[in-house]
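Note sheet for the following structure.
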Amino acid sequence: MSRQVNQVKLGAEFIADTPHRESNDRCLWAARMRRDKVAATLPEWEQMRDLASGIKEHALSHLDEYLVQFEENLASRGIIVHWAETAEDHNDIVLDILRSHHVATLTKGKSMTMDECAMREHLESNGIEVNESDLGERIQQLDNQRDSHIVMPAIHKLRTDVARIFAEKLGSDPANDDPTYLNSVMRADMRKRYVKAQAGMIGCNYAVAETGTIVMCSNEGDVDICATVPPLLIVTIGIEKVIPKQSDLPLFLRLLSRSSLGYDITQYTSHISAPAPGQEIHVVMLDNGRSERLGQSYWPVLKCMRCGTCMNTCPVFRRTSGISYDANYMGPLGLALMPSYDLHRYARLPFSCTHCGSCGDVCPVKVPLPELIFYWRQVVVENQQSLISHDLEEGLMGAALRNSTNLQHAEKLGLWALRHTPSAIAESGINPWAEWHSNPVPPEQTFREWYKDNACHNDKKTDK
Amino acid sequence: MKIGFFVPCYIDAIAPQAAISSFKLLRRLGLDPEFIESAACCGLPMKDMGYARTACKVEGAVASHMAGYDHIVMPSGICADQFRNHFEDVPQTPEIKQICHAAVDLVTFLHDIIRVDSLPWASFPHRVALHNGCHSLRYLNEARPSELMIPDFSKAADLLNLVDGIEVGYATRRDECCGFGGTFAIWDKSCSGQQGLDKVNDYARNGFRYVTSQDMSCLLHQSCVARKFGLDIKFYYIAEILNGDAK
Amino acid sequence: MTPHNKSLTARERILARVRANRPNSVEHPEVPVFAIDGDPLKDFISHVEGFDGKVIDVDTRESALSWLRENVKQSDSSLVYSAADGYEGNITLDRLPSPADAHILQACVGDGILGIGETGSVLVDPETFGRMANGLFAIDLYLLLDRSKIVPGLQDAYAQMDLSKVQYSSLFSGPSATADIEAVHITGAQGPVSLTILLY
């Protein structure tokens, strides 16, 4: 069985690291604030969310038709389309293409879908040099760490971390942690790699069925370089990325970057409908469980367009960082999606949520994230209840029995806890507050006692 | 109009003043609320943790005491949300549906149903931070969540503004969750604690010495964190101010 | 119902599963064209500047070309590729046999296809730069744009395109940028470091 991810434990480590926690929270909250500001300038914002959600639901409910239309359009212009049922199939297909073209080194734009397949690791273990071209993604590659955010992969790091990694791996000045300097180190290093690259790889934000167009949204220019400079291009597309029509696209674009980073648009919004002269393009359509998810009650999670705004707004995510989820998709999206990849490994994730509901209200395509998180809690309990309650019991007992003061407080809390936590937990008794809270001031009487002493005698009607 | 008064378990034991002020306020407004003494817990904590079967038993038990009211008022946004939006583990009989529909948070009841427009007895000459609890805000629609680009409104603020001398304000991150989250506070005490600390520090930075909310569970959490970290802030359930009990 | 028939291809198996698992049909909603308030030209300029681009506002295309002649430095160490009629660079495509060779460019000049007020974007394609790589590798990018080609919003822009007919096209909104380190905004990530739009 896979090792279970303990987000709470990993998150607590990040919380204890004040400079990192404060920086992560500040950067992401700033994105949320920019989002509010730009969204407020469009009177049609909420209407657009409804429309975008409706289009995604329409597309998913006719997905087979749109997939075929998309494929036929690509094929008619000489783009070679492959279909991968699993991550392994995807990686095999990609490796075959690269080997048949004798590719030894390539540059790759950021793609959560390729990451989902652990493709980079697979290619590297087969002797192919993969250079991540997005700055944040490159930092994470050089640090051998997962992304902490689907849009800002290294946002949990401080500039000092980046300076150390670049000094170690790229030979930059370890004493210079100015982000502008660090960016220039990246730029200079990547230029050399683009020149040598025999292939480019990218993901896709939207696949327009009607026109057979691959749409990419990015900021650094690296994705367009990967897509247009080397003679061979491989694009990985999750099958849920298909949208019906060209006229749908501007609606999504109007929502995407505003939600994601709080800017009106990404610096580059690019469309590929055919290979350039002398270029060969392969598209790999990835299933990896999507077609099964489509038939489940949680299928609306497939509407997600990977903007990351649910992460920016999540109060837990901002304080614990995406690293603590140890998952390809993190934050509220991760809670709603990862258990469908591996229920045991991600059984705890759905509980890393206060149910504040903010993620559902910022989502530009109205994925009902809070409901889906609730749903997965029930599935986890039905399937592996012991994982949760055993932990709780252990924590509860440990805290309550630590000293007699705690035990006395636990008795008072027990009144509350007994009525309102599942019996297996409540019966163990606990004061889980001690680390962060003073204990509640015990009232002189409960409401029931007060009612008996006062109110019920004041009025005949209540005096039964 | 037959009005039931449901007292959530955590309020009965730990924060009875919230229920006492609410009960007195309803009477003062000329109503005749009937305390549903035999009702215990709404099932939220079990539901929250994914224990659907346990939640079903608790929901069934509490519902058996709650039939026959036009409105069941409760001084707790989270419980009202549980009744109205998540009471789905018990068979959805017409009786259950009626109970869920009748269940109402005190603020919604005062603002939308009996439309309170004056509180002549209430005076609170202070600047007070209003914390719209997440469930009241985003699931019960008692105010505009800052995420939504819709016209601004806040039912709790409307009610508070009827109080003589009050100045209602907000933390800088006005809708940021304080981290209570029910069982979350036990499950993830570090994150819950950090969120609570960030929240009370936000009040302190803005010079608030008083905080109110329609959600007592948030206030219990926040007040215990504030006391732990030595912040001199008083927390009042909204009815304590509306009824003139908060001093 | 999950088809696992081994004789089918992966494509057929995926499509069969998708077909079997389709949610109940949802209608495609009618999407209105939302009106964008304000003056598209003013919006365009303010958005370009908001994205750290520069706008040079001149009367005629000839004036724009003169501006380029006066301001874009050309030398052996400052190679300029131009795809714009009426402005000559100092390097041609035959000296850039492969796209990657464009990394030696200091500047690239081309004609934008249309502009968007809502976002400050300029539509470009390989013809704009002779080749996309030239417009991506050049350090300084200059785009000529006829002000009558500025539309109010993204929806208006896409109404004028036919993506099925383009090989490659892109909306450029300011020079390349990143905020991947502590969200510090840096202009000049991996594409152009500067973008100047010559409006005529």
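Things worth noting here:
We just call them A, B and C in the order they show up, numbering each chain from 1.
Note that contacts are C-beta pairs under 8 Å (C-beta built on N, C-alpha and C of every residue); 3 or more make two chains touch, one makes a residue touch a chain.
As the structure is a prediction and not an experimental result, all values here were calculated from the model.
When every pair of chains is scored by its C-beta contact pairs, the maximum goes to A-C. With centres computed from Cα atoms alone, the innermost chain of the structure is A.
With centres computed as the average of Cα coordinates, no chain lies farther from subunit B than C. Our note on geometry: subunit B versus subunit C, Cα centroid distance of 51 Å, whole angstroms.
With each centre defined as the average position of its C-alpha atoms, the distance from subunit A to subunit C rounds to 28 Å. Centres computed as Cα averages put subunit A at a distance of 31 Å from subunit B.
Within subunit C, not a single residue touches two or more of the remaining chains.
Those residues of subunit A in touch with two or more other chains are numbered 42.
The part of subunit A that touches subunit B in the complex is made up of residues 8, 11-12, 15-16, 21, 25, 29, 36, 39-40, 42-43, 45-46, 313, 315-316, 319-320, 350-358, 360-362, 374, 376-382, 385, 388, 392, 395-396, 412-413, 415-416, 419-423, 425, 430, 432-433, 435-440, 442-443, 445-451, 455-456, 459, 461-462.
Those residues of subunit B lying in contact with subunit A across their complex are 7, 9-17, 19-20, 23, 27, 32-35, 37, 40-41, 44-52, 54, 86, 134-135, 137-139, 145-150, 173, 175-177, 179-198, 220-221, 223-225, 227-228. Residue ranges on subunit A touching subunit C, taken from their complex, read 23, 26-27, 30-31, 42, 44, 48, 50-51, 54-55, 57-58, 60-64, 67-68, 73, 83-85, 89, 133-136, 139, 152-155, 157-159, 162, 179-180, 182-183, 186-187, 190-191, 194-195, 197, 208, 210-213, 219-222, 224-225, 227-230, 239, 244, 246-251, 253-254, 261, 263-276, 285, 287, 291-292, 294-295, 299. Remark: subunit C residues 2, 9-11, 13-15, 17-29, 31, 34, 47, 50-51, 99-100, 102-103, 118-121, 126, 131-133, 136-137, 153-155, 157-159, 161-184, 186, 188-192 touch subunit A in the complex.
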